[in-house]
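What follows is one structure encoded as structure tokens, with my remarks underneath.
When the chains are written out, they are named A, B and C in that same order, and each has its own residue count from 1.
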Amino acid sequence: MAIKAKVSLAFFLFFLLSLLCSNLVISKEERDPEIKTCKHQCRQQLQYSEEDKNVCMEECDEYHRMKKEREKRKEQDQDEDENENPYVFKSKDFDTRIDTEDGRVLVLNKFNDKSKLLRNIENYGLAVLEVKGHAFVSPHHFDSEVIIFNVKGKAIIGLVMEDKTERFNLESGDIMRVPAGTPMYLVNRDENEKLFIAALHMPPLSASAPVNLEAFFEPGGRNPESVLTAFSSKVLQAALKTPKEKLERFFDYQRRERIFKISKEDVHGLAPKRSIWPFGGQFKGPFNIFTNRPSFSNQYGSLFEVGPSEEKSGLDELNLMLTLANITKGCMSTIYYNTNANKIAFVTEGEGDFEMACPHLKEKKSSSTSYHKISGRLKAGMVFVVPAGHPFVTMASKKNNLVIVCFEVNAERNKKLAFAGKRNIVSALDKRAKEVAYEYPAEKVDEIFERDEEFFFPYEEGEEEERADA
Amino acid sequence: MAIKAKVSLAFFLFFLLSLLCSNLVISKEERDPEIKTCKHQCRQQLQYSEEDKNVCMEECDEYHRMKKEREKRKEQDQDEDENENPYVFKSKDFDTRIDTEDGRVLVLNKFNDKSKLLRNIENYGLAVLEVKGHAFVSPHHFDSEVIIFNVKGKAIIGLVMEDKTERFNLESGDIMRVPAGTPMYLVNRDENEKLFIAALHMPPLSASAPVNLEAFFEPGGRNPESVLTAFSSKVLQAALKTPKEKLERFFDYQRRERIFKISKEDVHGLAPKRSIWPFGGQFKGPFNIFTNRPSFSNQYGSLFEVGPSEEKSGLDELNLMLTLANITKGCMSTIYYNTNANKIAFVTEGEGDFEMACPHLKEKKSSSTSYHKISGRLKAGMVFVVPAGHPFVTMASKKNNLVIVCFEVNAERNKKLAFAGKRNIVSALDKRAKEVAYEYPAEKVDEIFERDEEFFFPYEEGEEEERADA
Amino acid sequence: MAIKAKVSLAFFLFFLLSLLCSNLVISKEERDPEIKTCKHQCRQQLQYSEEDKNVCMEECDEYHRMKKEREKRKEQDQDEDENENPYVFKSKDFDTRIDTEDGRVLVLNKFNDKSKLLRNIENYGLAVLEVKGHAFVSPHHFDSEVIIFNVKGKAIIGLVMEDKTERFNLESGDIMRVPAGTPMYLVNRDENEKLFIAALHMPPLSASAPVNLEAFFEPGGRNPESVLTAFSSKVLQAALKTPKEKLERFFDYQRRERIFKISKEDVHGLAPKRSIWPFGGQFKGPFNIFTNRPSFSNQYGSLFEVGPSEEKSGLDELNLMLTLANITKGCMSTIYYNTNANKIAFVTEGEGDFEMACPHLKEKKSSSTSYHKISGRLKAGMVFVVPAGHPFVTMASKKNNLVIVCFEVNAERNKKLAFAGKRNIVSALDKRAKEVAYEYPAEKVDEIFERDEEFFFPYEEGEEEERADA
């Protein structure tokens, strides 16, 4: 009887234990819908053999497992790295969407993931393209509005309309608006130099949903796939009025990567014939960011801006401004903030630092808002975000100029208000308010805040321990 | 002592078990706020006796229980039905809002429930009205913008302004914009034929919150209720300057259903006097979708479109386009996508199939985007959604024409870009890019993609196993 | 052996128990990111000593603990207080952002917290300022658009541009638009009377993210802090071109509170020189809500409205309307609803009641929508919200007039449609529809709904039990 009791006790404990474990499992139910949808899509593919479907479903598990590992690792990193910063995005934050011998595409689509503080840009995404010499990017379209910026290099862009294609040369500094859904291709005109493109993806102005940065490629066969190969064979045969064998031969023949090298002759053959714009083409041609005089410029740096008021840029319909700041080595920008615009800044050259003031999430009975410094090291390829109203500053290293290209969204009516420099909002206070607010003689306040230079100043890098490493 | 030990062990195990159970219960805390709010509202109703309040609170539990069962069943269905599809909505996805002998109203308000992929239309809702011969839909208003489409039948619509009512005849194919908050009523003018109305509900353009599709009915008493009966008796007496008995007699007398049959004489009495528009009425009259020439039309099908540029339609203020596609039996539409617009498609007649290409949620190190087919059988009464940028195709059955009415939101600047037909985006590539992208001679590519017909083609239904059942 | 068994059993039970507890802990993982971010920000502050950092991190724990207690208490309150109402906000719902001897700022930023029903105003926030006689509010800016309404008192507002400040007198009833990011200060011109300001915070029209109501104060040192003190000392020295000692002396000297009393001479010195507008100033001056004739006015009450069509108000760019209703004691407003606008109502004077009809969250197979009364007592300082489409009514007490200031968002094309009064939507039905809908002779319906007065009527307060206490 003691044995019976022990056995039943053991069973009972085992039952408890399994109940516990299943409870733990149930609480992770959230993830299952993703795997379920992924596997469902695999089973849906009638053109797949049973083998293919199993391979597909294994890839779902694999992807899901890697995703959980990544997230676990991210949490660990956050624990280890005390300088983890929700406003800064490094290479590990980018997803690699395309990776071939001749080029790759990295995307940043997680502005909201790191912090609720970035809700005002959560619908935007940034893509970075690196295209090797004489490489061709296959025609594809997006469901988002795309603003292309040629960071460095010489390109040709082809934009497809209902019945023909318009081609444009893109030089370094060119801004090109690609309306939502427009099929496009790119070519690196240069034989040796890499082409670097930064592209902002945004939903059309009246919509409000995150972009997904998924490209729909037109060419392709089995691997990589054309968007067409998702359709049934019968549908394709009927729609294209082409017999099955001819179609299969065509698609089987498609083995090009998304980005691949083409011959010099083909590059020359793709050159734009003659500038169709402004003589009636459908697309606005590229607009170079250096076209107009810089907004600010002195020996310490320059700031070029192209905004929604510049109709030729195509940015007017998108409430967007592009800016390029070139900070001379050993120099800094002023401490300033955007009144309306949220800034997505992409460091394209050099290295340096930035600091930003952020209200602290802390609320005690009698203390008012306190501000904390968000800071980080900047390197080419990094992205940092500055929400509207937040003052910040960027400094170039002693060795190299720091070049930052910014997509400033919600740019209409935006002003840049500085704390230091010839015109600054402290000196702009009227005399009486200045003395009342600071309890200081107005001239002494002006002494501190005014200076002859505007927007860019010299900066002496001090001791290393003063800057927080990002 | 052994007995003591056993007893304490039993207690301990029981304690563990209850801890486990309460833990399971705690994790469902989310649902309680809903029941709490529901019951709170019941207790709030001072005009209810204690009995009424208890009945009300029981209904809260009942509703909540049914809701959980529905969701559990939905999950089970998803497990069983391997072809469950987040882009397709069948009758079980509609909620029945009104159900009387003479008519009913079904609503679809869960675009975002099935999948995060539909975030760009999550704020929209679709209502479908079936009104029997000579039936009258009681006056009511919504807090959303409403776009009514008369799918089939003859109706009268009355729209109330501050001091008078405007009445319009609605014929099959008529589009009528009902501004937010406008009280309206409907009549089926025909004695025998049912009237079918499809109505899109959307928030005003600058707002961004989901519509709730709740109608505020003006007439009513205890059952069904008038929105007025929610107010205290004293308030009603003072506002309407009417003694209590007279008011109670009035409200007690209101026993009409939301939709009820009226006499032929009343139907004639409700006929619009004379077209007040365009001579100064406040509302834009109906605009028939067949007014303008079809955008595409051949023996295989026709596509009629009314968009934001058509001022007389009232759609300009809503960034909306309505389209009606009539695909001849045994024919198909081309494979195409909307550059900007998101499509909510309502099948009004016939049956057939559709297929859509969707980027797959899978991301391996070196493979690029792959596309999967979403497909389904179409039947009258079903709704399917096609997000911008996604190519899709619809095919009619051999037996009947397939008629689909679409509400295309975010329609400004939208273009329909096709993959097959006279004008298609593959043939539109310039010659050199075509040869480079497809590694095929340009003429051979054109041979495959070009054809004389545009937008609608013949389609031969093939073997059943080729189509996935939805 | 029995002892061994007992010990291993004990271990096993202990293991089970700890598994259970850790499971309970794991399920609260959501909260950790907040504490983690808070503590991270503390560690980031290089100007803090180790002690300061520890104090800072303790404050994070403290804040987090208090926050959880508040939420627990809120849940308990909801259980205890059967009249808890998601549309009403009392003083306990406001957060105290600034609390000094000479003034305080309370903010309401949780419209969405109480109920999903308020999603359409979830991005808005309301701030209430109380400023004692001759007190000065330090210069600060917000990242949101701000609409200031002077409820009561005499103020001076200073708005800073890039290079100068514009000052305006604000009288009771003045509406002042402060564009996003504009640094501003306020002064209570009166020596004795308190100044009461209500300010609506909203995101710019094309953005769609919640406002955070965090002020960036320019002056300050260590406590309270200036936004500048978030930056490194080296950065400040370089940007301000000021040596370290001079800067530290300046910031250490800043000890003023956010709101502090100033001398009569300083108040006079801050008076606006001469009205610069409309002669070219950058800001539109204040627009008084009583400027235009009231929309409705009789002996029972008045309604003043300033809307998006009034260009001089600056409200046109924000799709906003401000209204002020003054209901004579013992009187009521009509039962009415806004067709488009969502109303955020702030009671500034007197007391009374309100009632609102709301569709009930209940759905049975064959019953249609039912409506429930939301009601509450109104007192000065409370806020209540009325979503578009929802009919409501407000009544003043017998003792005092009831004054309510409303910010009505999404105001474009809004109409106020009443159920009772000279013009009401029931009488506005055409005769036939009236008789059909109500099954009553049209004259009798009109008898009930029509009356000579418009919008404001007398109201006799009845027995107490008829009104639900809020």
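One rule holds for everything that comes next: a contact is a pair of C-beta atoms (placed from the backbone, for glycine too) under 8 Å apart; a residue touches a chain by one contact, two chains touch by 3 or more.
Given the structure is predicted, the values throughout are model-derived calculations rather than measurements.
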{"item": "For chain A placed onto chain C, the superposition rotation in degrees, Cα atoms, nearest 5", "value": "120"}
{"item": "Interface numbering overlap (same over half, different under half) for chain A and chain B", "value": "different"}
{"item": "Chain A-chain B separation of Cα centroids, rounded to whole Å", "value": "34"}
{"item": "Junction residues of chain B, two or more chains touched", "value": "9, 13, 16, 20, 23, 27, 208"}
{"item": "Touching residues (chain side chain C, partner chain B) in the complex", "value": "6, 9, 13, 16-17, 20, 23-24, 27, 78, 82-84, 86, 115, 119-120, 122, 205, 208, 319, 332, 334-335, 337-340, 342, 355-375, 387-391, 393, 395, 410, 412-413, 415, 417, 419-421, 423, 425-430, 432-433, 435-440, 444, 447-449, 451, 457-460, 462, 465-468"}
{"item": "Footprint of chain A on chain C - complex, ascending", "value": "5, 9, 12-13, 16, 19-20, 23, 26-27, 34, 36-38, 40-46, 56, 59-60, 62-63, 95-99, 136, 138-139, 141-144, 158, 160-165, 167, 179-183, 185, 203-204, 206-210, 212, 214-219, 223-236, 238-242, 246-247, 250, 253-254, 256-258, 262, 266, 269-270"}
